[in-house]
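Some structures are shown below for you to check.
In the two complexes below, chain A is the common chain; its partner is chain B in one and chain C in the other.
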Partner chain A sequence: MKCDSGAIVVGAGIVGAACAEALARRGLSVRLLDARSGGATAAGMGHLVTLDDNDAELALTRDSIVRWRAWAPAMDEGCAFRGNGTLWLAASDEEWALAENKGARLAALGEAVDLLDARALAGVEPALRTGLLGALRLREDAIVYPPNVVRWLLRRHPGQISERHAEVVEIDGRGVTLAGGERLAADVVVLANGIEAATLCPELPIVPKKGHLAITDRYPGVLTHTVTELGYLGSVHNSEGPSLAFNAQPRPTGQLLIGTSRQFGSRDRDVDGGILARMLEHAAGFLPVLRELNIVRCWTGLRAASPDSLPLIGRHPDRDGLWLAVGHEGLGVTAAPTTAELLVGAIFGEPAVIDPQPYAPERFLGRSGAREGAEDA
Partner chain B sequence: MPELIVNDRPQQVAAGISVAAALARLGHGTVRISVGGAPRAPLCGMGVCQECRVRIDGRLQLACQTVVRDGMRISLETLLGQGGQG
Partner chain C sequence: MSVALNRECDLLIVGAGPAGLAAALEAAPSGARIVILDDNPRPGGQIWRDGPGVRLPRAARRLRSRVAAAANIEILCGARVVAACPPKALLIEMPEGGALVSCTKLILCTGARERLLPFPGWTLPGVTGAGGLQALIKGGLDVAGERVVVAGSGPLLLAGAATARTAGAKVLQIAEQAGREALVRFGRGLWRWPGKALQALRLWSPVYRAGSHVFEALGDQRLEAVRIRSADAVLEIACDRLACGFGLIPNTQLGELLGCAIVNGAIAVDALQATSIADCYAAGECTGFGGSELALVEGRIAGLAASGQPARAAGLAPQRERWRRFAAALERAFVLDPVLRTLPTPDTLVCRCEDVPYAALAGCRDWVEAKLASRCGMGACQGRTCGAAVEFLFGWSPPAPRPPLFPVRTETLLRLADRRHSPPARPAEPGR
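What follows is the complex of A and B.
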């Protein structure tokens, strides 16, 4: 490819920043544009989590967490990386069987996992309620503070990435048009702006999935791992109506992040008191001490969800020069490093770091995507 | 008049006022230190901003939403450390 006018990346969240860094590392100058309309990166938990609902999700999250761990030693303290692992809690015989299966599958792949029975679980996380059957621990999972990781990524190649507060109103493979009419040209345009992607490219099947989070005051030592319920797996892909799942994460400040909810069809960012109350009640069922703790902030975020819950990473089949890195739903932070390597590797014609097919935009766009859509209708 | 014990020092305050008001009248301009290390003070006075959280009888509570009671023990975080004159 030629690099006369460099690259434009639309969206300065974690995915856009990782793509900008990967482009800059290969020598391109990058203009990063962000409308500051509030994305998912600063709203999420910053949980780096291995998920294995399907092979493609597992490949993406595993490869990405290896890359996160490679970044970790170079990141500053503000990035708040902690390799504290995830505990998947089993509350029933069925969930314990799930934990065993999931553990066996991941162990066979070489993941660092171990099963904790009820006694071992109570030993490592005594604040959890009694009566849990145990947990599967994923030792490679970690946490970060994503907004500071974005800043860290953009500083890695001094002089090569310029960031600008600007709203893009039109996009094609040769550049973008800003609100106000200014035209910026580029050889490569990367779209990485989450739920706003469909505003610029209405053909993208991206819909918002709203989530609530709350954070407590500082109570160091209540938890050490990120703890989440195995029921989460059933809950998050239930696409009709709001769903709730317990997820609690100790931050390096001593605060606890408490989640989570998922809700389709809502673009407003208001906190829904009813959903928040149910979410906290559900969380207190797992972490009874929560009833004694103060929540100091609660907020919402909009995840950018695709129809099959996998991101769209790759060339836009119908718009030459336009590249997509959108639709990560709740995995944008976890999957950012590998997303950037897949996308920028494809732009530069490098061998793919993992099989890129499951994330190819063609599954929804272009001739084959349109045919699938017609068959659905 | 109720007596508060603020950072181990007994102090007389008016009855019926909030802990935040009592601390202001006792000259405590700031009541805690943020995670970034900055001093913080009561701001909204109505239980929304969460800036006035202090440890009252061992539990973190909002000073502006708590009425003073005789014998209450309050610990404030100061830049000089617990028990300082900040």
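What follows is the complex of A and C.
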């Protein structure tokens, strides 16, 4: 490929920043454009989590976490990286069996996992409710503060990434048009604008999935691991109405970050008191002391969801020169490093770091993809 | 747990200061069921803050006893509004638990708070706001024999100094940042408000210095001295306390959360004190700084208007006008000197909750960026203090408030589900 006029990356969230960094690392000059319309990166939980709902998700998250761990020593304290691990809580015999299966599967792949029985769990996390059967611990999982990771990434190659506050209103493989009419040309254009992807490329099947979060005042030591429930695995994946899943994360400040809800069809960012209350009630079911703790802030964020919950990473099949890194739903922070390597590797014709096929935009776009997308809808 | 704490009423008044009490009293004869909420342990608001060592003025005692005597007024003290629960209910936190209070009409009388500006040493123990020290003394703090310096801007400096002196403190200096000329001009106009002129004379102090400001508080573990600059000198004064506030800022957070239009940093109201949203009025200092006299008339107008007596409410307009002119004169006299923007050094804390120094903000482009990069304003005070300072220092307008308005127990937030009939939530994929 030729790279005379460098690259344009649209969107300065964690995914856009990781792509810009990967491009700059290969010597390209990058113009990073962001409308500051409020992305998911500033709203999310920053849990770096290994997920194995399917092989593609597992490959993406595992490879990414290895990359996060490689970044960690160089990151500044503002990035708040903590390798504190995840505990998947089992509340029933069925969930305990799930924990064992999941554990065995991950161990076979070489993941650092261990099973904690009820006593061991109470020993490491005494604030959790009694009566839990135990937990599966994933030791490699971690947490970060994503907005500062973005800043850290953009500082890594001084002079090569220029950041600009600008709204892109039109995009194609040769450049972008900004609000106000200015036209910027480039050989490579990367679309990483999260939930707004479909406003620039209406053919992209990306919809918002809203989530609520709350954070407590400082209570150091209440939790040490990020704790989350296994319960969801047994439930039906249904896309209507809000759903809840317990996730509590001890921030380095001593605060507890509590999540979360998932709700389709809502684009506003308002806190819905009813959903917030039910989310907290659900969380207090696992962490009883939460009822007595003070909440200092609540907010929401929008996840950019694709029909199969996997991101779209790769060349846009119908728009030459346009590359996609969108649709990361609830995993964009975790998956950012590998997303960037896959995408930028493809731009430079390098061998792929993991099998890129499951994330190929062709599954929804182009002639065959359009049909699949239509069947899905 | 305690759905029993939930309440319904016809008229809900938030804030039991002069404005809120006056509003309740005017609305009471209509027979409406009235609830007044206030987060302080006793009614009275800022000026009539009650406490162990306080003897309230006669007017205040009379107003309070008349409100207490009205059978259809319930006062909930120690009750703080933390969130809205649309339509027409507020979530409150009380010592005994959370509750939803639903109402037909609402009057916001949430008052104002002090503007604190950062300078080196302002976070040392011993440094408080000017009204802040007053509140501490009224709450029982013993300052007898202590050396106090009062500084900042506005009439509150004199009131704070008087309270400290009455409590036995030695007030060594009152440093007013506004210039002498502006104050002389203001003083010449005071004859139009004779009561205020008398008050100024009564509170007047020989240690009052116009055109001077504290630029550093010194001390190791706690305050030991302050340094004050005026046009012709720099002075170091050894002292035990510094009471320093730079005027008042309206408490608009609840109004903003409800969707009320905000103009010039205050809740916007029409001639009948109605806000931009239906059935919601606002009175007193949340609609702009103006002192207790203005708060009282505005409260009366709002109480009358909200209880269906618009003609009587309109009759009070001339009184309100008179006190609004006084407020405007105050505002002109006590404009903040831009030099105050230069006081913080790179390591001066701007946000105390999150320990954010000036240097961490200086490179940012706006509040959102500053907040994300440094956590400024994300702590327990929700930016109530640093938001106003940052606005003055950098000109960034603080972001819209979100629930909860104050740190609140999780248990209290659970009440928000009481009135919801949305479908029960299902378990979902993990939290991400």
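Of note:
Note that the second predicted complex is superposed on the first by the 366 of 377 C-alpha atoms of A that agree within 3 Å, B and C clash if a C-alpha of one lies under 4 Å from a C-alpha of the other, contacts with A are read in each partner's own complex, and residues count from 1 in each chain.
As a working rule, a contact is a pair of C-beta atoms (placed from the backbone, for glycine too) under 8 Å apart; a residue touches a chain by one contact, two chains touch by 3 or more.
Being a predicted model, the structure only gives us computed values, none of them experimental.
Partners chain B and chain C clash in the overlay (superposition on chain A). Of the two partner chains placed by the overlay, only chain C lies in contact with A:L244; chain B stays clear of it.
Touch criterion met: A:A277 reaches chain C, while chain B stays clear of it.
By the touch criterion defined above, A:S261 reaches chain C but does not reach chain B.
By the touch criterion defined above, A:D217 reaches both chain B and chain C. Of the two partner chains placed around the shared chain by superposition, chain B and chain C are both touched by A:N294.
In the superposition on chain A, A:V353 contacts neither chain B nor chain C. When the two structures are aligned on the shared chain, A:L178 is found in touch with neither chain B nor chain C. Chain B is struck by only one stretch of chain C after the chain A overlay, and of the options 184-192, 346-354, 364-372 or 418-426 that stretch is 346-354. The interface of chain A with chain B overlaps its interface with chain C at residues 217, 253, 292, 294, 296-297. Residues of chain B that touch chain A in their complex: 35, 50, 53, 59-62.
Contacts from chain C toward chain A in the complex involve residues 83-85, 91, 365, 368, 372-373, 375, 378-380, 382, 402-404, 407-411, 413-417, 419-420, 422-423, 425-432. Residues 217-219, 253, 255, 292, 294, 296-297 of chain A are the ones that touch chain B when the two sit in their complex.
Against chain C, in their complex, chain A makes its touches with residues 36, 38, 42, 44-45, 47, 49, 51, 53, 78, 88, 147-148, 151, 165, 214, 216-217, 228-229, 231-232, 234-238, 241-247, 253, 259-262, 271, 273-282, 284, 290-299, 330-331, 334.
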